[in-house]
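The letters A, B and C name the chains in turn, as written, and every chain counts its residues from 1.
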Amino acid sequence: MRQFVQQLVNGTVLGATYGLIALGYTMVYGIIQLINFAHGEIFMVGAFGGLTVYRYWLPEAWADKVWVALPAVLVGAIAVSVGTAVLMERLAYRPLRNAPRLAPLITAIGVSIFLQEAVRLFYPDGKRQQSFPQLISSGTFEVAGVTVAWVSVFVVVVALALMVALQVFVKTTRTGKAMRATSQDPESAKLMGIDVDRVIVITFVLGAALAAVAGVMQGMRFAQIDFRIGFLVGLKAFTAAVLGGIGNLKGAVLGGFLLGIVEALATQYVPQGSSWKDVWAFVVLIAVLVIRPGGLLGERVAVRA
Amino acid sequence: MPESARRHWRRSAVVLLPLLLAAACGGGDEEETGGGASGQATKVVKIGVIAPLSGDLTATGTGIRNSVDLAIRQANEKNKVPGWRIELAAEDDAAKPDVGAAAASKLSSDAAVVGVVGTYNSSVALQVAPLLERANIVQISPANTNDTLTRGQNPATPDRAYKNYFRTATLDSLQGGFAADYASNEIKAKTVAIIHDKKAYGQGLADSFRGRFEKNGGKVVATETINPGDKDFSAVLSKIKPLNPELIFYGGEYPEASLISNQAKGPQAMRVPLMGGDGIVDPTYGKTAGTASNGDFGTSVGAPPESLDSAKQFIADYKAAGFRDSYSAYGALAYDAANAIINTLPTALGSATAVDDSVRRKVVEAVGKVDFGGASGKVAFDQYGDTVTKTLTMYKVESAEFKPVKTGEFKA
Amino acid sequence: MKLEKPPAPAAAGAAALVVGTLSPWATFAGFPGKMSLGGFPGGARLFCLLLAAGALLFLLDVHGRRWAALATSAGAVAVVVVNLVALVDQGGGAGSVAWGACMSLAGAGLLVAAAWRLPPSSPAAGEATPTRAPVIEIAAIAAALLAVLGAVVWGLRIEESSRFVSFLVFVTFLSIAVHHLGVFSWLGAVFARHHRIALLLAGAVAVAFPFTQQGNAYWIRVFASIGVFAVAAIGLNVVVGLAGLLDLGYVAFFGVGAYVGALLSNAALTTSNVHLPFLLVVLLGGCIAAVFGLVIGAPTLRLRGDYLAIVTLGFGEIFRITANNWDGLTRGPNGISGIPDLALGGFDFGQSHAVLGVTLPGFANYYYVELVLICAAIVVFTRLNDSRIGRAWVAIREDEVAAAASGIDTIRLKLLAFAIGAFLAGAAGTVNAHVTTQVSPDSYTFLESILLVAAVVLGGMGTVPGALLGSTALFVIPEKLRSFQDKRLLLFGAALILLMRFRPEGLVPSRRRRRELREEAPEGVPGLAGATGAAPGGPAS
């Protein structure tokens, strides 16, 4: 039983990362029906952005003062992610807005490959793992026999806070309402005077910011990052988004946590489970799409004629 | 002819003619190969390198390539093979068997290649060796440790697998056994959890460790497998933790090992050292695992380069040559491998004007008989192609760096 | 035919260009192609000189000459620029560029400007492509095919990357120029008129290729790999190009075939000792892959296009991870190795054989087997394309709801496409197992699926020459540019982005696809189909 709870804890932490990234996927798909393959790379690039700030711009004296270092790293990460996402939308996706599905999808794959390689080739010593500062102490505490790390608590709390903030934003602010309107019906939204292009950019920005935070947290948990962390996590996060219902914010969060927990439990209870870990995400995806294509909480996408 | 027709002919002629010309001119430009000054009549002989020059393990592969390059440069300077210039032909295998096979194919079809130093990964060597054997090109690996490469399918009844394959690194069965003895006798661990990445090297090493450890009376409480490229090991470590192992043995490479060590000591709060093979002994390990890795162990083939006089010369020469990357753990072994080939060249080439099949065969034969003192110690091969120097070293991490703690041989 | 007086800038430009190509381009010795010597057009300068022939267009008023002249002169500029970059990079600074290069650049620039100023050509109103005597037309086909063979063989022999890139640039711009002069549409019509003979000649050229290698196995091995890849690409072309189903996990079918072939071949390091005759294995590999295709397709083909893409991606990964972990069957990450060469009736495929005085290395045998497979695949593809099934696929692709409303059983037809595509990939996989002598999960990654999709998309969706061209390009160019090995994937990603932005229909598109992707008005009015050249059903459509 204790093992079960321990794996639940592990899974929740894992799921927090998936959820944050899934939000980005789900928002973009909800608005322009594009699977942004490169979103996983946005996550990776954000992590590298945070690392760059820490390594090259933060003065030595403040390197271990969490209250200064952590916000600085986060700001750096968000800046880089958002910048990349905006450029991506402008240069690669916007011209293909009206093209048949195949073109933007392949473009997204191309962008994903390009970003991975760009970091690998042009970041100093990019080919190797980069050690990432563990700004939150790596200590642990025990609760009823279950080991929990402080950094894990931090990750889950921050993730949940951001998810709630996003919900509030989308529900109450004007921009949020504009986003919802555009995802329901872009044509009518335009007729209502909503600047659809701006809304799309904002969607990308929000998704990128969340992914950047997830990237920094990944770095802190594992004390290292490298150029390949984006790919598989991206795929799984998209699975989580579909699991919860694409276009549905709460669904993405739920899907993320569920997926993380399934992975952890499968590792525990399936023999040699750890090497089969990645399969579960795909099995879950296929099962969901076959049994309940709308996802657990129902999808929110306009049907393109 | 009508007007439009003539127009057509002119069009076609204007266009097809250059193409045909180009095809015809093909023969003439053949002498343009290579970028060297073609003034002198120096004959060229090449030594190939197949190692990971891209991907995760680039650091190691580059060290191997640079060390071979150093040996070649020195040979050219000293004019070790009069009338011939030695060149380096390095190909990337990206640590993947199929890329390595393509590289081996490319090198075998290059007529000037007389020998290859490589590979690093045992799994890649399993593809490369048969291809090079077909072309009678000698292959000396500075790092492969998997038994089957020299001892054949069933190492218990050894049968030489590839006539052209040699190595300056020693076997997994010896390395695993050495590690197990150290674990039982020095660390005095009674229970071990084994994790490996299922590849030829990792699994082979883990199996030989297990065999010896159990023979010593120890107990393996868990065997788990992971995928290279994984980042999050919390689940598998949580699974092992309640079984209370005193040591975690990892069969695999340093990227995953550093993550496992960091996550075991940190978020999972297991106060247990990690031990691995030569695949984890790399400066990057300590750097990325941080202080959590202090107290971890790793074995490596050969004596520590810094302790041998012969190696000190190699280290000094390497520094003087100005390479940007370090020589990695296999530099000295690769250097010796290259010299083993170079030493055979004067006799094997003899009065030949170009490298051909008979030259390659002579090199294979001659390499089998070499015996000289190299940077890593005595360089000579037994009847299976294994090195006769079976020294192994156990390293321990202190202040995030691997420091040698014991050097010796494994006695079965 | 009147000869015009060329405008002064054109004449000056042409003269400068020609003189420039005969003069040194490099100030240091050792640059490939002896470019530091003057008096002859060595190295990449040859390409420039040949492109200078485009200046002749200023003398003749032929249809389409403006674009052709622009293309040839722009090509000359591009070649010079490529070499300038290489010179500076290798020579270490601007001082390595000699005056010949500058002269050529200036000359080419003048030609571009002059070409821009040319008046647009009078439209070739009502000019039907003339029919010549069959002998002449067939000779033209043969000449064109030989030219392609010659270019390929010659291009492969180029060792240095800068010269190879110059060669590619040269071929590209020359093709554009030729295209605008109407040669390709004329050739297309001629091919269509004599298509049986054309195919025979094309086959002969393909068979002749290994003979041009003089016993050297390297490129034959590459082409043997291209061969299996091309069969898989044609299969994917059925799925993506014809039926419009985006499959991002296609390599799994290829892998299934490869493992089937490996397990049934009595390999050295394997888990099964069964050994079956090769032809049976190929069929089995194809059928088992087809079964997988049906299994994967059945629950998922009713999904939206995007979801199908992700699900197929998922299946691709599931296949790879399963192969990686199911040690009992697949030997895990180490895979099955030591797969023996084929031996059909005593003929050992691994050995080289002497044919007509030339030694053909072992890989040539595999190459020929693959040619047979490719022919079979092409037959399957074209028959399907021209059938009711093919037309039903087009209908599904363009508007599924309308197709279903007209009574087409969309699910069954989509499944059929999937199964056929999977069968072709599986068959190709079994041959591949013998070519590479080993199968391991590492070879069947998501990136490989993307490469297959890229080959189909780059080459041109829905056409056979497109799939062949795409496969060849994707193999040959990275092999040739091994010095750029490190940046290879970066360039690949960038290429995908640019391709989708500027030419999503690929290099040799079917006209239907082109229209779909560009949403432009259909070319010409149906009645004048003959005037635009290619008849439907020919290789270009």
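We adopt the following convention: a contact is a pair of C-beta atoms (placed from the backbone, for glycine too) under 8 Å apart; a residue touches a chain by one contact, two chains touch by 3 or more.
Everything quoted here is computed from the prediction, not taken from an experiment.
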item	value
Higher-contact pair (C-beta pairs counted), B-C versus A-B	B-C
Central subunit by CA centre of mass proxy	C
Approximate Å spacing (C-alpha centroids) for the pair chain A, chain B	37
Where chain C touches two or more other chains at once, by residue number	321, 324-325, 486
Set of chain A residues in contact with two or more other chains	272, 275, 278
Residue numbers of chain B (touch at least two other chains)	54, 198, 225, 227
Contacting residues of chain A [partner chain B, same complex]	2-3, 6-7, 10-11, 13-14, 127-131, 134, 138, 140, 147, 149, 151-152, 218, 221-224, 226, 228-229, 232, 263-264, 267-268, 272-275, 277-278
Touching residues on chain C, where the partner in the complex is chain A	240, 246, 299-300, 303, 305-307, 309-311, 313-315, 317-318, 321-322, 324-325, 446, 450, 453-454, 457, 486-487, 489-490, 492-497, 499-501, 504, 516-517, 519
Contacting residues of chain B [partner chain C, same complex]	2-8, 10-12, 14-26, 29-30, 32-37, 53-54, 91-92, 96-98, 101, 105-106, 108-109, 123, 126-127, 130, 153, 197-200, 203, 225, 227
Chain B to chain A touching residues, read off their complex	54-56, 58-59, 198, 224-227, 229-236, 238-239, 241-242, 255, 258-259, 262-263, 266-269, 284, 287-290, 292
Contacting residues of chain C [partner chain B, same complex]	1, 29-34, 42-43, 46, 50, 53, 56-57, 60, 62-63, 127, 130, 132, 140, 143-144, 146-147, 149-151, 153-154, 157, 159-160, 163, 174, 177-178, 181-183, 186, 216-218, 221, 268-269, 321, 324-325, 327, 332-335, 337-338, 436-438, 440, 442-443, 482, 485-486
